[in-house]
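The next part holds the structures, each set out as structure tokens.
Consider the two complexes below, in which chain A is the common component and chain B and chain C are the respective partners.
== the complex of A and B ==
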């Protein structure tokens, strides 16, 4: 367990440093350091022992990760920008966990991730402005709406395989954007404002004062996003470590063989696709409230590609890898202002490098263990 | 005695090629039937039609007296027929245990709520399944039972065949279809595997087997009866000694004029 604890502590300290530093040369230095340390740890075999300890003692290390996240948020308690960045990372990780169920487990590549994220955000915009539905209830509704609209795609996705199913989702992403742009009820190209979260009369958009310390209003969103991520993580983990996870793997690897052993291919593809869109929709609904604004241009095909590249980078099927990859893809371009307009180039280079040299991703998915630490 | 599986004028063509032409075939319960014939004579097509991967164009198939001609692969599996594939089709990145559990689908609780929320009940089912899989694999190779949670990638051909046969047997089928279990193995390995299959059969007396095989030694040793196919047509039927002496069979196999 020790290697995992050390890795977690170092990673949190490093991330805090990266978030705190402003000077560009320093940031470049920090990033170079990370690459060198990561490569070194890989050559020395430390990375393998870290992933082993995460596999065996996931509950303990997961709890420590939550504590580390709180410590980081406490350190940046009055820094709006950094907290917003952390919240973005948390919610994008939830969305990629959804994509992971679809692509990582069942093999359905969804290139409309950002569209379902946007559907969640639009749901909060409309419901918060026109109804009195409690905002906490709006979150699951966002997920349900995303899952329902996603079910329009079920028929074409079930009738195609592999790349062709992916093309169906691309077509959907483009159609949805066109639809939103001409739809005046939903604000057209200008989009809609999204009212913030309120729980029991307490508005998340008010700043918090604890005695003399003033906390950024993003702090409440941070707590809620972290709770959402923990719940999504547990759900994905339990799914993977069950017969359902096995079913999804079996149908991804060999649909014909799977059906010869009684597997209902349609049922499990529908389950994975719907569950994935549900998670993406919830994350989007909360993200809409955090940003306060939603427009068709926020959730384009390019954003879907970012979500997919997180999945490829992190290690398809490994939730921890996804968290690491989301940090890289979201935080690095924000901090490294000098590359701002070349960020897509950076993504492309990273994804191609991973596909060439480490096709299973930075942190490859370990073999399924139904109960970590279980020995026969 | 009523046959376990009965095919009546079963026909399947691919374009102009007759893969199965009006095939009549019967398998009695507890029998081991050898299905032999040159490459392309329709043996694998027969398996694919029985398991519902291909539809028969004409004719009927019945299993335990029930018509299964148009049944889906799922329904066939649930009825109690399972198979192995000529080109081993294991899920290579998954563990040995996972691969065997794929074959155990119908005996596992597939409910969403059960799998996600009732982790204690799930654990009991998991442990029971582990014991069952272990007991089965120990009949083949006790050493493999120690490697249940290792990936199938990197295992030797004979181990992969063993795992594939365990995947087919774990659900306790009534009929097992073995598609060239000796493919890609040495002569000694083949002998070992056949010994193991005969041992399994002693453990489960109600098991009926149809085996497709090119290795005539295997056929002679383990089958009760043989059916010889050539260009989709049945050209001979009977115990191995009888069909081996048949001039038509010799011509199909050896090209004797």
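== the complex of A and C ==
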């Protein structure tokens, strides 16, 4: 367990340093240091022992990760930008966890992840402006709407495989953006404003004062996003460990064999696709409220590919790897302003390199461990 | 509706159908020889169109003001450059992944498409904005009653037909075409018969990518404008057209291209709201079609071996 604790502590310290530093040369230096340390750790075999301790003591280390996240948020308590960045990372991780159920477990392709994220955000924009539905209830509604619109794609996705299914979801991503751009009711290309979260008459967009310390208003979003992430993480982990996860794995590895053994292929594909879109939709609904603004340009096909990149870089099917990859993909371009413009290009190149040289991702999915600590 | 307007719609449909067919033939060729879908094909088309534009600027800067020479140079440079690009893609990205799961080829070509698209957007001067495309074809038109046939459209249609007939001739009447068809039918037998498999794959990718460049230049002349996202749109529609006709069949791809254009034209005419929602309609048609006939109008006859 010790390697996991050390890795977690180092990672949080490093991330705090990266978030705090403003000067570009220092950031470049820090990033180079991370690459060297990661490569060195890989060479020395430390990464393997870290991943083993995460597999053995997931509950303890997960709790520690939550504490570390709170410590970081407390350190940056009055910095709007950094907190927004942390919240973005948390919500994108939730979305990629949803995508992970589809891609990583059941093997259902979805290249419209950002579209379902956008559907969630648009749902919260419309519901918060036009209705009096409590904003906390809007979140699951966002998920349900994303799942419902996604179910329109179920028939073509179920009847097709591989490349054909990819075509369906890509066509949907392009369709949705074209639709949002010409539809005046949803604000057209300019998009819509989203009202912030209010719980029990208390608006999340007001800053918080604790005695003399003033907290950024993003702090409340941080707490909620972290809660959402923890819930999603536990859900995905339980799902993976359960017989449902086993079924999904069988489905991905060999559809024909799975159906020969009596698995209902359609049923599990529907489950995975809908559940994944539901998670993505919830994350999108909250993200819309955090950002306060939705526009079709934020949810393009390129953004969907970014989500897929996170999945591939992190190692398909490994939730911890996803969290790491999300940090890399979201935080690095925000801090290193020179590459912000080039981020789509950069991640596409990175994914090509990963696919050519390390197809299992940076942190590959470990074997399912039913008995923590047990070794054959 | 009067005859003139109808003829205009048919003409528009034919032009769009020609472009879709050219792209679809590329998809079908790649699928034929390697059983892969090259998702970057649309963006290869974008690269072709932009190469043509660069050539035009270059020829103009070199002091040549003859329209026909510029046109010829544009076509030749664009087609050869993209053919080379297609071969590079096949050699270094698609062939090395043959043993890997099909998903990896899909992802790598998707990401390559992003690389090409983003490179055009970032590295072409002001590449994020649509670029005007030179009008080099004669602009006068012939009037038939109240339909005027634009000469440039007629030329493009004729050239497109010639290219398709040429490809058909190449595939069905030459030794090279025989080799391509042999590889498509059975790779191992083709190898034992002394066909250089890798060379044939590269040639097929060169032909398909060259066709995409031709379609891209045609698109530029037709709309007088090109942009970095044009290939994504044409690529998805071209892929759908190839599926409609049944992947692997050249005639099917051509048929699928025109069929899709016909559907799109009918949709624009019949549905009052469709002009604003033209793209939405096109992609909705793709999704509905995939739900209805996932393997195309002419069903695939293969059964899966386990």
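FYI, the second predicted complex is superposed on the first by the 370 of 376 C-alpha atoms of A that agree within 3 Å, B and C clash if a C-alpha of one lies under 4 Å from a C-alpha of the other, contacts with A are read in each partner's own complex, and residues count from 1 in each chain.
Following the convention adopted for this analysis, contacts are C-beta pairs under 8 Å (C-beta built on N, C-alpha and C of every residue); 3 or more make two chains touch, one makes a residue touch a chain.
Model, not experiment: these values are computed from the prediction.
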When chain B and chain C are modelled together on chain A, clash or fit: fit
Touched partner set for A:61, first chain B, second chain C, both or neither: neither
Chain touching more of chain A, residue-wise (chain B, chain C): C
Chain B versus chain C as contact partner of A:235, first or second or both or neither: first
First (chain B), second (chain C), both or neither touched by A:262: first
Touched partner set for A:146, first chain B, second chain C, both or neither: neither
Touching partner for A:352 - first (chain B), second (chain C), both, neither: second
Chain B versus chain C as contact partner of A:178, first or second or both or neither: second
Minimum C-alpha spacing, chains overlaid - chain B and chain C, in Å: 8
Set intersection of chain A contacts, chain C complex versus chain B complex: 256-257
Residues of chain C touching chain A in the complex: 37, 39, 93, 96-97, 100, 102-104, 106-108, 110-112, 114-115, 118-119, 122, 232-233, 236, 239-240, 243, 276-277, 279-280, 283-284, 286-288, 290-291, 294-295, 304, 306
Chain B to chain A touching residues, read off their complex: 51, 53, 72-74, 76-78, 82-83, 85, 89, 91-95, 98, 101-103, 105-106, 108-110, 112, 115-116, 119, 122-123, 126, 130, 134, 148-151, 167, 171
Residues on chain A engaged by chain C in the complex (per definition of touch): 107, 109, 111, 152-153, 155-156, 159-160, 162-164, 166-168, 170-172, 174-175, 178-179, 182, 256-257, 301-302, 305, 308-309, 312, 341-342, 344-345, 348-349, 351-352, 355-356, 359
List of chain A residues in touch with chain B within their complex: 235, 238-239, 242-244, 246-247, 249-250, 253-254, 256-264, 271, 367-371, 376
